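Paired with chain B in one complex and with chain C in the other, chain A is shared by the two complexes that follow.
== the complex of A and B ==
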């Protein structure tokens, strides 16, 4: 069972590699293209292209699902396995992160933050196996940013829509247009930040690979036979850059995206007003109960 | 004549992409200031290194935003805009 779930977690990645080998045309040299569109579904409001980015992100979701099942199946209270300790460490560290950044009220956000963090990091790390990283497509990251925007707006409206509308004219009323622009700029800048970092990393990697190929042709081009064509300089050197652009940058952007989600949601929530209203409501309820009790007693 | 027009389009796109990346100066200065301040803070209070590093990375990411806007514009100008502009030109000529 354990091994089966682990195989199921690795299988989507292998499926992604097979799909790439079979259906995606190989790119030559410094030919930088976006996600390859496999087919387009015709809908009444226009075509819906199914691209490499979408397929890869669904594969990552599947892989993460099976990995979580692998970590959490057969939990025990005593004699824990290593899997359970890893799973508990992940849950605990995410809960600590949420608690220290958002406060006790938002503890329900921990699964969402963990999901965004894991999905984003694993999507960026797909470059390590040579697949197209879904996070370098703005449609995927834009979807996450819109989700965050909806959450921010929902929590700002928690204390009533009037207070939300009033917050636009905050320092002085004629600054309202600027406030609206900065409100809309939040998801756009979040999406652009994540997508720009991952995309620029992959573009720089491609450019450096092409540069090293040309350089090694210049230096070793006179060697006889197949040795002359082989790009010697491309062995090992791009891997050093890959540590920064793929490993560090990918994980950092995932962390920053989830961190900004937490800060924006917790920062937009009008805490004092919400709790004041809650207390008022509870006091009113109590009063009503007392009135009912009094009338009952009178009868 | 058409070659000249397409040449002007390609040259304009490349120049525009280069000019857009001037915006890289701003985030560079900003992130440098942020990291300098973080180094100072760690030097003064080495025990809060972890939280200072986290906050610095967050600040760097936010300061990077304008540079990334410029980067996206430059990427669009290099990879997307020339084809579109040439298509518009060809359609206008007929």
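== the complex of A and C ==
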């Protein structure tokens, strides 16, 4: 059962590799493009292209689903398995992160932050197995950023829309346009930061690969036969660079994205105002209850 | 149209990606956070219940220990009093027995004395009778005739009384 779930968690990635091998034509030379489009569903506003980015992000979600099941199946209160220790470590560390950055009020955000971290990091890490990283597609990251923007706005309006609108007129009313621009710029900057980092990693990898191929042709080109064509310099060095561009940068961008989400949402939330209003509301409710009781008592 | 351009904005893709994130959020919430937090809360409850139980057991043990100590102290006192009682009783019984045995001995002595007295009296009577008989017989032989018995008896009695007076 345990092994079956683990296999199911790995299977989507293998499926992604098989799909890529079967359907995506190999690129030649310096070829910097977006995701390969398998087919397009006709919809208004440009249609929906089912691209590698879409497929891969679904595969990541599927893989994470089975990974969750793998971690949490057969939980025990005593004599914990290693899986359970890992699961508890993940839950506790994400909760600690949320608690220290957002406070007790936002503890419900912990699974959301974990989802951003997991989806972003795993999507970026797909480059390690040679798949197209969904995070280097602006649409994917843009969707997350828009969701973050919706959350930021929702929590800013928690204390009433009037306060939210008023906040644009601060510190002086004529700065309102700039405030609106900065408000809109938040999700765009978040999306472009993440997307740009991952994409630039891929582009640099391709460029370095091409450069090393050219260099080794220059140096070893005089060797006879296949030895002359073999790009010796591409052994080793791209792997070391990939540690930075794929592993480190991917995890770092996931962390930055979730960190910014936490800070923006918690920072935009007018905490004092919200709790003041809540207290007032509760006091009013109590008063109403007392009035009702009094009238009932009078009758 | 095989590949997308580097930057293509497509509203459907954005919506789908947004939905994907929400779906993954729900997956994490239901399948990872909920069971793990449940099991952690359960474990915390179990641990605290075990602690409570241990504390209760310790309190019970302490109480038992105290009561035992009290009882031990009492037991010493009790043992002392029992010993004292026993000693007292034994002494009393000793005295009683001593007294009784003394009594008995005295009564035996008294009885023996009385018997001796009686024997002495009997012997005296017997001797007197014998003397009377003998003297009567002797007198009869000496006088050669029958004498008045009563006179004789009186005579001898007075004689013996005189003897006794000496």
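By our rule, the second predicted complex is superposed on the first by the 295 of 299 C-alpha atoms of A that agree within 3 Å, B and C clash if a C-alpha of one lies under 4 Å from a C-alpha of the other, contacts with A are read in each partner's own complex, and residues count from 1 in each chain.
Keep this in mind: a contact is a pair of C-beta atoms (placed from the backbone, for glycine too) under 8 Å apart; a residue touches a chain by one contact, two chains touch by 3 or more.
If you're wondering where the values come from, they're calculated on a predicted model, not measured in any experiment.
Touch criterion met: A:199 reaches chain B and chain C at once. Of the two partner chains placed by superposition, A:8 touches none, neither chain B nor chain C.
In the superposed pair of complexes, A:208 makes contact with neither chain B nor chain C. Once the two structures are overlaid, the count of chain A residues touched is higher for C than for its counterpart among chain B and chain C. Residue contacts after overlaying the shared chain place A:163 against neither chain B nor chain C. Contact with chain C, but none with chain B, is seen for A:54 once the two complexes are overlaid on the shared chain.
Contact with chain B, but none with chain C, is seen for A:189 once the two complexes are overlaid on the shared chain.
Looking at the shared chain after the overlay, A:241 reaches neither chain B nor chain C. Within chain A, the residues touched by chain B in the first complex and by chain C in the second are 32, 199. Of all residues in chain C, only 1-25, 27-29, 31-33, 35-40, 42-43, 46 touch chain A in the complex they form. Across the complex, chain B is touched by residues 32, 189, 192-193, 195-197, 199-200, 203, 252-253, 255-256, 259-260, 263 of chain A. Per the touch definition, chain B reaches chain A in the complex via residues 54, 57-58, 61-62, 64-65, 68-69, 71-72, 75, 79. Looking at the complex, you find that chain A touches chain C at residues 25, 32-37, 40, 43, 45-49, 51, 53-54, 57-58, 61, 64-65, 68-69, 71-72, 75-78, 84, 87-88, 90-91, 110-112, 114-116, 118-119, 134, 137-144, 146-147, 199.
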